[in-house]
Amino acid sequence: MVHLALYATIAGLLLGIYFALLGLSVTLIFGVMRIVNLTHGALVVFGGYMAMVLLDRLQINPLVGMPLVFIAFVILGLILYYPIVVPISRSYDPEFISLVVFYGVMEVLDSIGRLAFGATHYSLKREIITDAVLPVWGMPLPVLWLYVGGISLAIILLFFVYLYKSETGYATRAIMSNRDEARSVGINVERISALNFGIGIGLAAIPGCLLSYIYGPISVDSSLTLTIIAFVVVIIGTLGSPLGVLLGGLISGVALGVTQVFAPSFASVVGDALLLIVLLIRPQGLFGRLQRNA
Amino acid sequence: MSEVLLKVKNLSKSFGGLRALDHIDLEIPSGQVVGLIGSNGSGKTTLINVLTGVYRIDTGNIEFDGREMQGESVRRRTILGLNRTFQIAGPFKSLTVRENVELAAKYGRGARSTEQSVADILARFDLLELADRVAGTLNGADQRRVDLARALATCPKLLFVDEIAAGLGDSDVRRLITLLKDIQKSGTTLLIVEHLLYFVRKLVDKVYVMDQGKIIFEGEFSAAVKNTQVRSAFLGE
Amino acid sequence: MHNRYSQLLALVITLVALIFLSLWGGLNQLLILNFLIFSILAVGINLSYGFINYVPFGYAGIFGIGAYALGISITLMHVSSIVGVLIGGVAGMICGLILLPLLRLKGAYFAVATLAAAELLHKIVANPILAEWTQGPYGLDLHLTGHSSLGLYLSLFLLLGGVIFTVFLRTSIFGRSLLAAKDNPLSAQAAGIPVYGGRMIIWLVSSVIAGLAGAIYALNVKFFYPDTVFDLSFSLFPLIFAILGGVGTAIGPLVGTLLLYGLYTLIGLKMPDVFQMLFGFVVIIVMLSLPGGLVGWARKRGIDLV
């Protein structure tokens, strides 16, 4: 029993690192532009679709394909930025308008996904990377999960290096803490925001390449659930806090892992339940400060 | 009816590490006009926010009209007769002037009835002409009058007037002074928070001076300007 | 005033015409029913968004609970259809009460929270553990036979009720107090307006409407799966219809539903994915260029609609 719990926890931690990776995009885009990206899950799935196409048509290993997916979606993000994001950030209520506009974009992406791939659930073959299994207290732990956890961790660390060690990252953090002040200090807020939006979109698609290895099939039907997971991760950790995302991811991952092992019929509601609980008990997240509400 | 309308004892409020209000003691006698002056950051606005219920206090005691107030909501205080003008928030910008006053007259009077109709209030504040204009389309000075009319429509016993003269021209300021004196005559007690000392001097019976969250002077205005502590706080002498 | 009354008259005439059309005009009854249901939902969401500024992405959750409340009360408790619908309304109110704590959250948080709540309700109802009551994922069959216009009458009745309530809000001082609270909650409290009480009342009315609508819908389709009635289209479409038409007005949701749902019946039934894409584009374009919807656009030209 204890072994089972430990196994669930380890699996959960690995899943949690992946979830943290999922959350990076949402927290970056919200932190910099105060935009609620409802298309997040759809982008993850599209990242998965792209990895799948690269594998099927060009025989490119998903791990190798990841940088390609990233670049492609950064470009997509930059293309979307000027006609859509700029008008939103200039509107009277960017948080709300972004919610609805991005819902619209989500519908567009969803329909494109359905037209192109239908509702079929796709999974990338595991053997391409490794089919090995590690016996952990007699229970099989797919080595692939360790790969996914490791790669996710690597990307997260790269992101932190970007955010905390690069000049652009420094400017980004300045914008995240106070947009107007950043502008008055001479930071080109518009250009940096555009860049971060692009990076954010790219960061949304990357986890899609690994999706079928650790979480579930690649299919537009999963988009909403993925969006909610990312939101849970980010809200637990405080919206706009990069460090919080890691913690939020681990907590969500372990919660899901443990639930899947001990109460599998409830596993599907863990994300939703967690989100509600956090929003009701501590909506500002673990690191946030509650603002007075009239 | 108590002689002292508002009694504040040992009021403190901190935001994180910052002590915004430091053991404030305050008394506002019924029927008077009391001034509250102090430089930016001295805590004046925080004090108003705390007294009207926007923020909760940390320690201390607020007694209004014989009643303990520190736990009451903004709305409850309005209904009990404690109101304020808003420096920033202002009137309902998407509604007309008339609607602004109507709502306050309907919802905010509590047990205090009056013969004053909405039209009377609009006339008193010189808003009849603007009555059907949407408040958001008016200029700053007019919007402030609408906000004042809104507050007065609730027939408050005590009204905090928060920096209402800021940025106004001379004639507007003089009109305001007359208006506020008139309001006092009809029975409303006033606390005027203000920067503009000319404005304060013309109106107040007594004045409190704040600096860095503390009250550093209480007394007549003429004595305040001679007080060394006040002078050093304001003028750095 | 004269303007208002003539508009109200036009509204009533249109609705009455709709009644005649649907019952005697020979139009496809299922189509009319769906149109009415979406109109009702648009009116309900309009109350929540237009008057108290809460966007319930999870409105479909309350709709679904209403449907299952009717379904369970008919299959297990053998009540009459009308009682079943009323039970649906009560279920809607209970949902609204349970979700009340979420009203503390602002804007986007509230929207996403209700989304999660709806998903949660959906999965709970669909869970095989509860199959004894809900028939779980196998679908609930009301075993109702025969053709009945009851559902149509009920939905018309509900729609009329919802519109009348909205008109009441638009013309009463209570309604104005809600708009004031939405405009400036702090000033509203300083005017004595019961901000929290008002929000609660409108939210609960909105929830009841969703519950009733779900029950009436279930009554009409007679057989449904959890996926059918908890489909997020029942939140998101009416929301967009209301926004396109113009939130905060009585006519707006109806105009929006007429236009967009009409578009759906022309294109969407044959090519759902294409419609979905078009719909998405409409949403994007409308939100970016016409955030006040069509009624807001009319208002800028001096036409004030009720």
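Note that the chains take the letters A, B and C in the order they are written out, and that residue 1 is the start of every chain.
Here, a contact is a pair of C-beta atoms (placed from the backbone, for glycine too) under 8 Å apart; a residue touches a chain by one contact, two chains touch by 3 or more.
The structure presented is a predicted model; accordingly, all values stated were derived computationally and were not measured.
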* Structure fact -> By Cα centroid distance, the chain farthest from subunit B is A
* Structure fact -> Chain with Cα centroid nearest the overall Cα mean is chain C
* To do: Using mean C-alpha positions as chain centres, tell me how far subunit A is from subunit C in Å, no decimals.
  => 32
* Structure fact -> When centres are defined as mean Cα positions, the distance from subunit B to subunit C in whole Å is 44
* **Whole-Å gap between the CA centroids of subunit A and subunit B** => 49
* Asked: Of all residues in subunit B, which are in touch with two or more distinct other chains?
  -> 54
* **Interface hub residues of subunit C, defined as touching at least two other chains** => 186, 189, 195
* Structure fact -> Going by residue number, subunit A touches two or more other chains at none
* To do: Please name which positions on subunit C make contact with subunit A in the complex.
  => 55, 101-102, 104-109, 111-113, 115-117, 119-120, 123-124, 127-129, 185-186, 189, 195, 232, 236, 239-240, 243, 273-274, 276-277, 279-284, 287-288, 291
* subunit C-facing residues of subunit B, complex -> 52, 54, 73-75, 78-79, 83-84, 86, 89-95, 99-100, 102-104, 106-110, 147, 150-151, 153-154
* Structure fact -> subunit B partner, complex, touching residues on subunit C are 173, 176-177, 179-180, 183-184, 186-195
* Inside the complex, what are the residues of subunit A that reach subunit C? -> 36, 84, 87-88, 91-93, 95-97, 99-101, 103-112, 114-115, 224-225, 228, 231, 235, 265, 268-269, 271-273, 275-276, 279-280, 283, 293-294
